[in-house]
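Pasting the structures here.
Each of the next two complexes has subunit A plus one other chain: subunit B in the first, subunit C in the second.
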Partner chain A sequence: MSVSLTSAPSPVSAPATGLTAERFAAHLAQQAPLPAWWLDAKQVAWERFRALPLPTRTDEHWRFSSLKGISFDGYDLSETPASAAPHLPAFPHTAQIIYSNRQVIGRSTVPAELTAQGVLFCPLDEALREHGELVRTHLQKHPAALGGDKFVALNTAFAASGVVLYVPKGVEVDLPFVVQHAITGERQAAFPHTLVILEDNARATLVEFFVSGDQRTHLAAGVNDLHAGAGARLTYVGAQSWSDTTLAFQSNSIVAQRDARVLALNVHLGGRQARHESHSRLLGPGAHSEMLALTVAGGTQEFDQRTLQTHAAPNTSSNLLYKNVLLDTARTIFSGLIVVDPDAQKTDAYQSNRNLMLSDTAEANSLPGLEIQANDVRCTHGATTSRIEPEQEFYLESRGIPPKKAAELLVIGFFEEVLNKLEDENLHAVLRDLIEAKFKAK
Partner chain B sequence: MADTEILGTDSAVENPAVGIDQSVGDFTYDVKYEFDAGSGLNEGTVRYISSVKKEAPWILDFRLKAYQTFLDKPMPTHWATKDLESIDFSKIRYYLSQGQKPKRTWDEVPDDIKKTFERLGIPEQERKFLAGVEAQFDSEAAYSNVKDIVAKQGVIFLTSSEALREHPELFRKWFGKVIPTSDNKFSALNSAVFSGGSFIYVPKGVKVAMPLQAYFRINAENFGQFERTLIIADEGAEVTYMEGCTAPKFSTSTLHSAVVELVALKGAKIQYITVQNWANNVFNLVTKRGLAMEDAEIKWIDCNIGSRLTMKYPGVILKGRRARGEVISIALANDGQHQDTGAKMIHAADETTSSIVAKSISVGQGRSTYRGQVHIPKHLKGCKNNTECDALLINSNSRTDTYPAITVRGDRHAVQHEASVSKVSEEMIFYMQQRGLTEAQAMSLAVNGFVNDLVSQFPMEYSVELKRLIDLEMEGSVG
Partner chain C sequence: MHTLEIRDLFVALTDQPDKPIVKGLNLTIKAGEIHAIMGPNGTGKSTLSKAIAGHPGYAITGGDVLIDGKSILEMEPDERARAGIFLAFQYPSEIPGVSIANFLRAAVQARLAEGEELDATAYYKRLYGKMDMLKIDRKFTSRAVNDGFSGGEKKRCEILQMAMLEPTFALMDETDSGLDIDALRIVADGVNTMRGPKLGVLLITHYQRLLDYIVPDQVHVMYDGRIVKTGDKGLALELEAKGYDWVKKELAAV
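Moving on to the complex of A and B:
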């Protein structure tokens, strides 16, 4: 059932379904205890979401994307968390926050010695209440410029779940902070917003899992703001395994100041149609951004990945490696752009998209782009699309490994190049298991 | 010494053999036009052009439909440069000529036009190494001739207008079939007001040993040139076509918008060579595409040095099994220039292969852009594409962009794309300087080295000129 926005409110107070004006008003009322600037931002975002058109054919940011599957109609926001939350992989960590249908259902405390040093790892609403100014100065300060404005506006309008990780100057944390966002129930939606602030010379890892608690239809529109101060080292891992009927969107913004190093790895396994936008801005000399992604596309799934590497300061470097494995009639789109500003001399930028085709009906689209306005640079990009080398398959089969297993081993091998860039062995193993599980299910 | 040859400081300067040095084309003679469609474009302009050409009714219908398509299509500024909006269609003169019938000997060509082509060295080249020449002056060809030896093989080489009259059945069969009117706004404009261009038919099994050439000259200010070329190589035939162009430097802008269609039937080979050297006020918006049937081969060699803005992406539709398409592209963008070039490879049959090699050089505030499309649809097998694009940036304010789009369906293909951007290394310059070259000479040598493997694929006469031209463009670019 859907409620028209123009009709008068029904006298019977049945809960409105869909992301309607009534639903937004109700959400805003729930958020009332939070700072006024936050409520204003939500109001602006809601109006922006309503005003912005859906992406069209002529929008270059949406070239090759399937547009007819994009609709926000009929999704709902459950006020109660699902009784059974999906399993969260166990591995050594510093602290965890677990969300189910936008409610915190589990939380482990940050070790006292880190809290004493000023480390903050808490749900978004808590951060808004207790550290409002910190959130305000960093939230969406550098939004990704990749065409997903309508989704980002929707996220801001309804954002309630999400975490803030703040690590003060010089503090180094070895084990990762872990977050899980789960959606359960027919046509349920989530709008996670993650904010990571590493001050100068700080070091930390944040791992986020996005999962569906069942195989029903979900909507996910997430946004990340990742800030790495001068000399900071930030590792971010996002792994999504939404249900195969989920419409998923995620916007990643990475800002690296002088000599900062950021590594962001995104693993894409689920969703009917999943779009991921990632924008790295290298703002200080010596900054480095490592942008990595692994995708297993099966069935009729579509994975749409858009990236931007903006080199705005001299002597910065970036390295992008996006690997896709395609099965069945799946589609992938990789559209990447390296932008080198006129002053960003001595930039060293690399961008590579590798597509491994395991099916004769899958489709891989690559749009690797460059926009270079400085001459003393080293910028290269490459894109390849091919099948498994028959020699490699033959080698494994000649040693008695059955064809299916051989293909699986070769795919895992294809992904290892990326997974090996993670320093955390346990995390590496968790992600490999996750990918293998999807691949075995196929 | 080898270096004097490469640096082109000797005889090549006095010999405008191929006429691709821009200064060579920068002159204009006063010419009286008998036919003038006036400024601006409306249905009347289209009817006027069709009536002076005494065209069959179906051609007028075709033109009028195209005019409507042109009006309906938006400017492609959602992906292309906003500079396109500087084109004022109401100020352009769409048709200017002294007559509709080209002369077969240079003696018959009116003096004021003849002296233009003599100064550009066209009659001399024709004697030396060409099988046939067409010389277009504004809207119509002033001269068109093919050597007897080639004509006897059954090769048809006419202007498009003549071919429409004399070989309508052959023309109509392929006209607009490779590039539909509605392909883009400028192909629609061309389809509405086209005039001039070449028609070539090479019969079965005939291999034309020497190249055929067309030379396009813009003489009038505020002029728009819209030639239409159709080349058909029948089964097993082979032909090489070269085109050159110049225009004087006017203070106002000029529009050149051609449509070129190539059809290579089973086992045929077509090589199409362009050396584009329009003056820096010309908008050069050209649609070029070839259709390659079974075992056929189409090769575009495309060199863009002139113009204010060039947008040109030669393409090949690989329609028959084992067809082969190739694009070799060289672009040089200097101050005030934007070379937006690239290639398009549409695979439509099994075991088709395509290759794109694009190299660009941006000098001063010049901007070069590579745009490419490679498309391999489903149910095909054994298709291969290899794309390489390399950009060289000379000055700190030079700019380059690369926008490829690659679509591959299925697991039986191999596609790879690579691109790089670099500058001339200081070590390289230093090495040459310590051996006695000036910095400018060293830079020229390095740039020539960058494009050398592509330049060497041009016919000799062109490659010598190209090297010299690159030296000229590089003058004063360092320091």
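Moving on to the complex of A and C:
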């Protein structure tokens, strides 16, 4: 497969430091060749970002979050890609797009037979230029309602990197589409926006890696819109391994129409403070959403996860399983809500947060919730916090496996229940390696 | 010739150190020998094997355990295992999400020198060879360790681990408990296949039945934390015929 390097972006006037009005104006000027509606949306988002207050302690959506760590001051937008891009795991894929500091540095072509069928996989700006209406009708059509509006507004204001994947009716693609977003350099920021549109009965997988090219401080505010048409099967994997000093935010919006099946798995490894919001909307009868997350929280990291499962049609089902492993003095927050609309009878919704504590000083907060307005439903939720079973540990050690490796095996084993839900075994192995690498680095 | 020597050993539960369960036990096992320890329930047989393997729930409060004259009591459980000890568990733990292949691979890797990488091809070749020898289906290795296994499958998994790790001394804790006759035969066949000059076995059992299939060199009767009688395989038959009360009465008469 050929990967072509694009030419360096055109130079712009020297930007002011920080995410200032001047900086936004410069960014908007750079985006000028793109459709007017997009520029308007950016302008509105910028105003909104400026108008919205920072989250406050009284905001239910931010309960237990460390608010003092949230600041947008002093971050900058580099216009040049880093000289060296982080390693992108190699595994069988359909096509890939690689970003470094918001610039495309590598891109492989989509196989001709897929292009002939109308499959589209391209950088956001290209999609805006060439398929503007497609983007316009889907972008943030159903924003996640989980409290991160200020971050989402910031994303829209500065979004330039990102991809659009469009798969027409009935087209099925086996191997995943792969994206990497890398940030390199002190106080650099990125605002990726990913849009996936699967038409009726289409099938595809998108995998995104979010990674820091160095251990400096970064800001990442990303947004995803995942649309699955009737009978479509969409798999989305997001794996973030930002630097340990990065402030990260990600908003995930999932929409499933009649009989669609969506599986979204998010792997959280990096960041000083990483907030992830995920909202599934089951809009058509028979729709199913599988919401999965794996987190390894170490050091003083904080992972803040907010979820919403909205059942808006009868006979819909959703299954949420978030597993966290906590070490050192790390913190996790899981707050999940299942909402069943009055006419969404026969809803079958499940929500589970499982925390494995490897340290006495780590802290796992779990806030499960239900809001049911229909009378014939099955909704269950649960949260558990456990430790490694001493008998299991002894069993492994009695075979000569050192304690550290034994703990690593037990953690991977704890995660395997989730990883096993992926049909793609290569992807499964890549994610397992990524998780193991975090342990080896400890 | 390697030797495992248990010298005047006292063992208690870690949280009840003043209540010994094993009370001054002496036993020497040489590589190549199979010793059986029989005895009524609650006499300290399992405690003995777990303490030797380094289970944190048991404290050795007196005496010593030595391999080739060197005490292993300061060693962590994983170090004892790498020194040649293998405990076949009465109730093996279930480890969800960890495949037998990956688990054994980690155990084999741990036995390599620092920085030495496992040769994956050679590892699988050896693993499949052992499985063929033990008549175990190859699909077995992709299953999670003991997860949802039947009693027989768990014991077969223990035997496979033993075959792969090639210990010098295997402590088999009531390996026969809960097994039907077919499963018992599989376990016994496994042990008999591995039997040889390089392996010493301590077979802990409540019943004589297992000894029909694995013929021991020596049989010891354990009672109240000590070995009270030692003999050849005939002793097991005598016990079977007369029951443990016979030993108790004999002891009382002394």
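Criterion: the second predicted complex is superposed on the first by the 427 of 442 C-alpha atoms of A that agree within 3 Å, B and C clash if a C-alpha of one lies under 4 Å from a C-alpha of the other, contacts with A are read in each partner's own complex, and residues count from 1 in each chain.
Quick note on the criterion: a residue touches a chain if its C-beta (ideal position, glycine included) is under 8 Å from a C-beta of that chain, and two chains touch if they have at least 3 such contacts.
Note that this is a predicted model, so its numbers are computed, not measured.
Novice: Specify the outcome, clash or fit, for subunit B and subunit C once both structures are aligned onto subunit A.
Specialist: fit
Novice: In the superposed arrangement, does A:F415 touch subunit B (first), subunit C (second), both or neither?
Specialist: After superposition on chain A, A:F415 lies in contact with subunit C alone.
Novice: Go through the superposed model and pick first if A:P402 touches only subunit B, second if only subunit C, both, or neither.
Specialist: In the superposed model, A:P402 contacts subunit C only, not subunit B.
Novice: Applying the document's definition of touch, where does A:V104 land relative to subunit B and subunit C: first, second, both, or neither?
Specialist: So A:V104 meets neither subunit B nor subunit C here.
Novice: Is A:Q392 touching the first partner subunit B, the second partner subunit C, both, or neither of them?
Specialist: After superposing on A, A:Q392 lies in contact with subunit C but is clear of subunit B.
Novice: Could you say whether A:L39 touches subunit B, subunit C, both of them, or neither, answering first, second, both or neither?
Specialist: So A:L39 meets neither subunit B nor subunit C here.
Novice: State whether A:G382 touches subunit B only (first), subunit C only (second), both chains, or neither.
Specialist: first
Novice: Measure off the angle at the C-alpha centre of subunit A toward the C-alpha centres of subunit B and subunit C in the combined model, and quote it in steps of 10°.
Specialist: Approximately 80 degrees at the subunit A centre.
Novice: So which one touches more of the residues on subunit A, subunit B or subunit C?
Specialist: B
Novice: Return first, second, both or neither, reflecting whether A:N355 touches subunit B, subunit C, both chains, or no partner chain.
Specialist: Once the two structures are laid over each other on A, A:N355 reaches subunit B alone.
Novice: In whole Å, what is the nearest CA distance you get between subunit B and subunit C after the fit?
Specialist: 15
Novice: Both subunit B and subunit C contact which residues of subunit A?
Specialist: none
Novice: What residues of subunit C sit close enough to touch subunit A in their complex?
Specialist: For this pair, the touching residues of subunit C are 53-57, 76-78, 80-82, 86-87, 89, 92-98, 102-104, 106-107, 110-111, 144, 161, 165.
Novice: List the residues on subunit A that touch subunit B in their complex, please.
Specialist: 58-60, 63-64, 342, 345, 355, 357-387
Novice: Considering only the defined contacts, which subunit A positions touch subunit C in the complex?
Specialist: 389-392, 394-403, 405-406, 409-410, 412-417, 420
Novice: Enumerate the contact residues on subunit B facing subunit A in the complex.
Specialist: 78-79, 378, 381, 391, 393-423
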